[in-house]
Amino acid sequence: MTKTLNLGMIGYGFMGRAHSNAFRKVGHFFNLPYKINLKAACARNDAKVKAFADQWGYESTETDWRKLIERKDIDVIDICTPNNSHAEIALAAAAAGKMILCEKPLAMNGPEGLKMVEAVEKAGVANMVWYNYRRIPAVTLAKQLIDEGRLGRIFHYRAKFLQDWTINPDVPQGGAGTWRLDLAAAGSGVSGDLLAHCIDTALWLNGPLESITAMTETFVKERKHALTGKVEKVGIDDACQFIGKFDNGSLANFESTRYARGHKALYTFEVNGENASLFWDLHDLHRLQYFDHRDQGIVRGWRSIHVTDGDHPYMGNWWVPGLAIGYEHSFVHQVADFLEGVGKNQLAGPTFRDAYQTQLVLDAIIASSNQSSWVSVGK
Amino acid sequence: MTKTLNLGMIGYGFMGRAHSNAFRKVGHFFNLPYKINLKAACARNDAKVKAFADQWGYESTETDWRKLIERKDIDVIDICTPNNSHAEIALAAAAAGKMILCEKPLAMNGPEGLKMVEAVEKAGVANMVWYNYRRIPAVTLAKQLIDEGRLGRIFHYRAKFLQDWTINPDVPQGGAGTWRLDLAAAGSGVSGDLLAHCIDTALWLNGPLESITAMTETFVKERKHALTGKVEKVGIDDACQFIGKFDNGSLANFESTRYARGHKALYTFEVNGENASLFWDLHDLHRLQYFDHRDQGIVRGWRSIHVTDGDHPYMGNWWVPGLAIGYEHSFVHQVADFLEGVGKNQLAGPTFRDAYQTQLVLDAIIASSNQSSWVSVGK
Amino acid sequence: MTKTLNLGMIGYGFMGRAHSNAFRKVGHFFNLPYKINLKAACARNDAKVKAFADQWGYESTETDWRKLIERKDIDVIDICTPNNSHAEIALAAAAAGKMILCEKPLAMNGPEGLKMVEAVEKAGVANMVWYNYRRIPAVTLAKQLIDEGRLGRIFHYRAKFLQDWTINPDVPQGGAGTWRLDLAAAGSGVSGDLLAHCIDTALWLNGPLESITAMTETFVKERKHALTGKVEKVGIDDACQFIGKFDNGSLANFESTRYARGHKALYTFEVNGENASLFWDLHDLHRLQYFDHRDQGIVRGWRSIHVTDGDHPYMGNWWVPGLAIGYEHSFVHQVADFLEGVGKNQLAGPTFRDAYQTQLVLDAIIASSNQSSWVSVGK
Amino acid sequence: MTKTLNLGMIGYGFMGRAHSNAFRKVGHFFNLPYKINLKAACARNDAKVKAFADQWGYESTETDWRKLIERKDIDVIDICTPNNSHAEIALAAAAAGKMILCEKPLAMNGPEGLKMVEAVEKAGVANMVWYNYRRIPAVTLAKQLIDEGRLGRIFHYRAKFLQDWTINPDVPQGGAGTWRLDLAAAGSGVSGDLLAHCIDTALWLNGPLESITAMTETFVKERKHALTGKVEKVGIDDACQFIGKFDNGSLANFESTRYARGHKALYTFEVNGENASLFWDLHDLHRLQYFDHRDQGIVRGWRSIHVTDGDHPYMGNWWVPGLAIGYEHSFVHQVADFLEGVGKNQLAGPTFRDAYQTQLVLDAIIASSNQSSWVSVGK
């Protein structure tokens, strides 16, 4: 029999919508041991959180997240606030024995992330971080093919996340829609926002990074602050790239930027193995490019796999072959796996501890960039 | 203030799911004058319809569609049954003064379709047919570009719908998942199932067809019938194609088949105008290919438009640029437009009358194919 | 030991250059039993033919093709003149015992073509028609894969040749660069010019056509004639399409036009078989798209074969894998095969007789279009 | 009137063929002030160089390059030998007052390259290095678009050259076809062979590099030596990548490898500017991808420019729109520009001095990689 978990959502922005949609949809397409009940939405602005709750059918609202955490009728806390508040909320929620879903990146830095890991592990509560791209079916298929050993020894792993929405110097920093440009709220720029996704996928697909040399750049040095109204120095990184080595001996090449004209959200990765290679990009997220050297020579070529068949990951739960799903479904899959995991008492990744590994790579990027030198990635 | 329409769904198959999902989601993303309440689901098999109602949150169930139509608490009837029952249900629903949503194709043939048109128009009830592809944002954008006159005089319109799922002769005809191969239930094969979509879009984008010469083919002549268990002659068309002329003087080339190995659901269309051309395909439904001859010569080329920006049709209601939606969203958009239309007392297309035009083209195809001659398309 | 064949070229236009380049290059890349010596170039305009001969290193010139044919030092005649002169020249050349290379289409119509076939066969002279696209390596590879039986039973063959260069009504008909728009010189419009290529390839890959229903269209009804200076009725077809059936039971869909905005020379074909499918297009001529249903399901997809490896047809004679050749190389390959054929006394196709089959399809197109009815293709 | 330059070719390998083909073809397609006469071919193996001369029509042969340089009837020396002999030959040729064409990379390192630059400049002889990719029409078009200022401020330049032909550990090092794997002959691995091309194009398109941090990797540590027959340590780099900064403030990301399964010769570059972006790849060398942010929003997209029109660089000399040329034509264009330059007494690039700048970047790569630190690029 399906049991119910009561959820309290903190935040109502872009991710608040993406998660709410997932909670609403998941039970229509997946048969799960638990279902999510949207019990309460929480945000400081009372009118806005009420409108949000009304739109999505949350039963109640709160304006103080501490009160939400205190409520006995809440089983799961979903943290969708800016990065600088993740730790405080998560520590309180863990102390209150709540399950925790946290937006990425987990924390402002590694040490903060470690405290969060220790808190949830000590409390023994289910926990997960919303690195949603693992569950785009084409990406999950990539994981499956790698785990089956089809690629052989890996030589190269490269990933990029390219956007172009901050080229205009009139885009402000700080405030509701642009807190990601504010160092105080975001902790970093594209490294924490975009490259974090690339790193999470890479660690999952290709194992730990050993050492890197990184650089960051801030192309637009000053922007008006949306809250103060003043032109202030920009503290975040506009672009960030590093090269390095994975523990398995393969070479790493990673890049992220918000200054790549023509690319809206072009997250791509490519893995080159001894026997086969894989390529994926978010702009055509329903396809996986696959090259298998063991195909007969004259008919060898990159295969464009339209990942919409019933035997592709998650796709048996949706429509029929040829009919694509989109971005939002990665969140549905993550909720499905989380609830499956709770039912089996076996946490679906990425857990806080998994996401902490990504945080350590982000710390290494900042350190390498600041020192202009190679650094080892912490473990 | 948002008013509620109580909906009664007949059928629980693939389309029952697609529509239910749309009804459930639409209010989370669109602000509309009406909302849909899932009042009752109806199908002959009591256990199955109850399971369906439970999965999707319908308040009640019925096993006799006539009873459903009699219920006072139902405002809208959604017909998701095989083609041979559309007319009977629609006529009864119209007589009962219900709004009607009907799966495509509207009817088994033109005369039957005409009765349905007359019934809903006489009853004065809102009506719509689920030719959902009009509302893939890239397709809607194509409509917008054509209506703005960007293409100039049109020379060519070509469309294809290619699948490959019936190549295996062991696929049966008739029964739950394969009634589309049964002439009695479906009325035709790929012409009514697939080409109907191509025709609906074409009439919408490029106006009426004048005359055509068509051919059909049945590659696998006999299949086991899923209900009788006997090997029987196959009555449907496995493939169907025609060439002809539109009223505007442009040439038509249309093809549909379930024997095009490698294509799962490849609906494509291309329009070639004096000044510009357009191409779209369902396998990459989030893109529109656009060529504008007025671009400067040395940098002229087909533009691959990633139709995910806030100023693209419907996309302002979803995520952020670069993040794709999928097949299911076309139904959400259709519900949104239907409800807007009801609110403004101005029906969103395709209405029964619009869909009747498609039926007349289908009749012309059958006639031309049977007679091996050119035929004029009825008006 | 390599023997020499002295060649006399008639015409110096686009094809005169394409052939001359092939004759010049072939010996540098292929080891052949014969080599071509550019003995004489012939055209009515003395100054122009001398300039042409100088540019390409022809040893001598003529202004009367009859004189050229009479010359004892000429072994091979290459006919690169407008279509309406092919027959007369070829008949004379055959009578003089010369080998003949003739530009496509072979003749103005089937009966004329048949006379040419009979003439060369009676004279026992080597003969070939320049349907060069057979020898784009990707197209030759397609032939090889089909001949190996990889596709299984064929269901569909479709081909298109789309251009856009005559949309502008100011393009004249007749004269040096535009004789292809003049009915008297060209015999037909896109059917003989473009569709002829599609048909030649199709007959080669998929066997004879059985019956068709065709239509043609002339979008621009009047154009200035470049020679008379007067605005005259346009006699050619601007667009031409047909559907029909091959002898092997597969369906045919063919189209050609010079009014498809955005396409310069987009010759494409696709073959759908029971087990596998193929797609090729001239705009990316170095690639062959291949789908094999026998690939494992989860990694099945269209393979983009970069046809540049040493084991691909002809490619071992060029550069290294990854480095593409272009349009002109198809002519080099055709010369190489012609010379090989002469050496083995086994003619390389397409011979005049092969090209005559294409002529019969063109005749059927015209007849079907004129009568607005189905017609059988002559054999 | 066209004057003749007598050319002496040293080497007869892959590049000997590519250059000879260009010398043979250029006059058929370009009207130039000079023409090249293939006077002599030179290589140590008498039989092989005679066969080569016979194949390509060289008038004479030599087996000692010093003798070739001494010959009074030679105007131009073309150096197509392994990298470790470039300097010695070039210095001697310059001293003898010969024009010099030299294969890339110019030298084994910067200091050696500088001597060569000083020698040709002191001797006042025409000189050029065969970085042929500048003259693929799509690449030349990219240069034109950048020089017109269309991209605005440049933020990112990234380039890759990916191959996969040395993954097999049985490929030997040293010897005729594999000297590029032998450190003594090649001086480096992929950095000098592949990345050198990327760097030459980048310096041309985007100006000088300021500083970089690089890494190299040798995946297969030992290979049999083709000459000694013994298994020896591999000295070359199998893969090489660097990140860094250009003088104009844009970020650099460069990578080359022979271990990227699925890529035969995938040279790609992308430039992201404030207003527009460009992308090119060698596997589809006839296309340039162009994104212009100034296009109207709803129809904005990457344009795939089929660079085959008469107003595209070099293309007016070839066929008609839509008909592609290939790899070999870049060499033809380079010869054409070289001869034009000689005619105007204004050297076409890349000169020895231009190629020396690339050498300095290669030196910086080696230094940075050896020291695991950032280094400034010499000027």
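A, B, C and D label the chains in the order they appear, each numbered from 1.
Note that a residue touches a chain if its C-beta (ideal position, glycine included) is under 8 Å from a C-beta of that chain, and two chains touch if they have at least 3 such contacts.
No experiment lies behind these values; they were computed from the predicted model shown.
At the subunit A-subunit B interface, residue numbers used by both copies make up over half of all numbers present, so the two copies contact each other through mostly the same positions. Interface comparison, B-D versus B-C: the higher number of contacting C-beta pairs is recorded for B-C. Averaged C-alpha coordinates put the centre of subunit A at 36 Å from the centre of subunit B.
Distance from the subunit B centre to the subunit D centre is 55 Å, each centre being the mean of its Cα atoms. Remark: subunit B and subunit C have CA centroids separated by 42 Å (rounded to whole angstrom). Residue positions 263, 302, 306, 309 of subunit C each touch two or more of the other chains. By the touch rule above, subunit C contacts subunit D in their complex via residues 14, 17-18, 20-21, 24-25, 27-28, 55-56, 163, 165, 263-266, 282-286, 306, 308-309, 318-329.
Against subunit C, in their complex, subunit B makes its touches with residues 155-156, 158, 162, 164, 167, 213-215, 217, 219, 239, 241-245, 249, 251, 253, 255, 257, 259-263, 272-277, 291, 293, 302, 372-374. Those residues of subunit C whose C-beta lies close enough to touch subunit A in the complex are 141, 144-145, 287-288, 290, 292, 295, 297-306, 309, 311-312.
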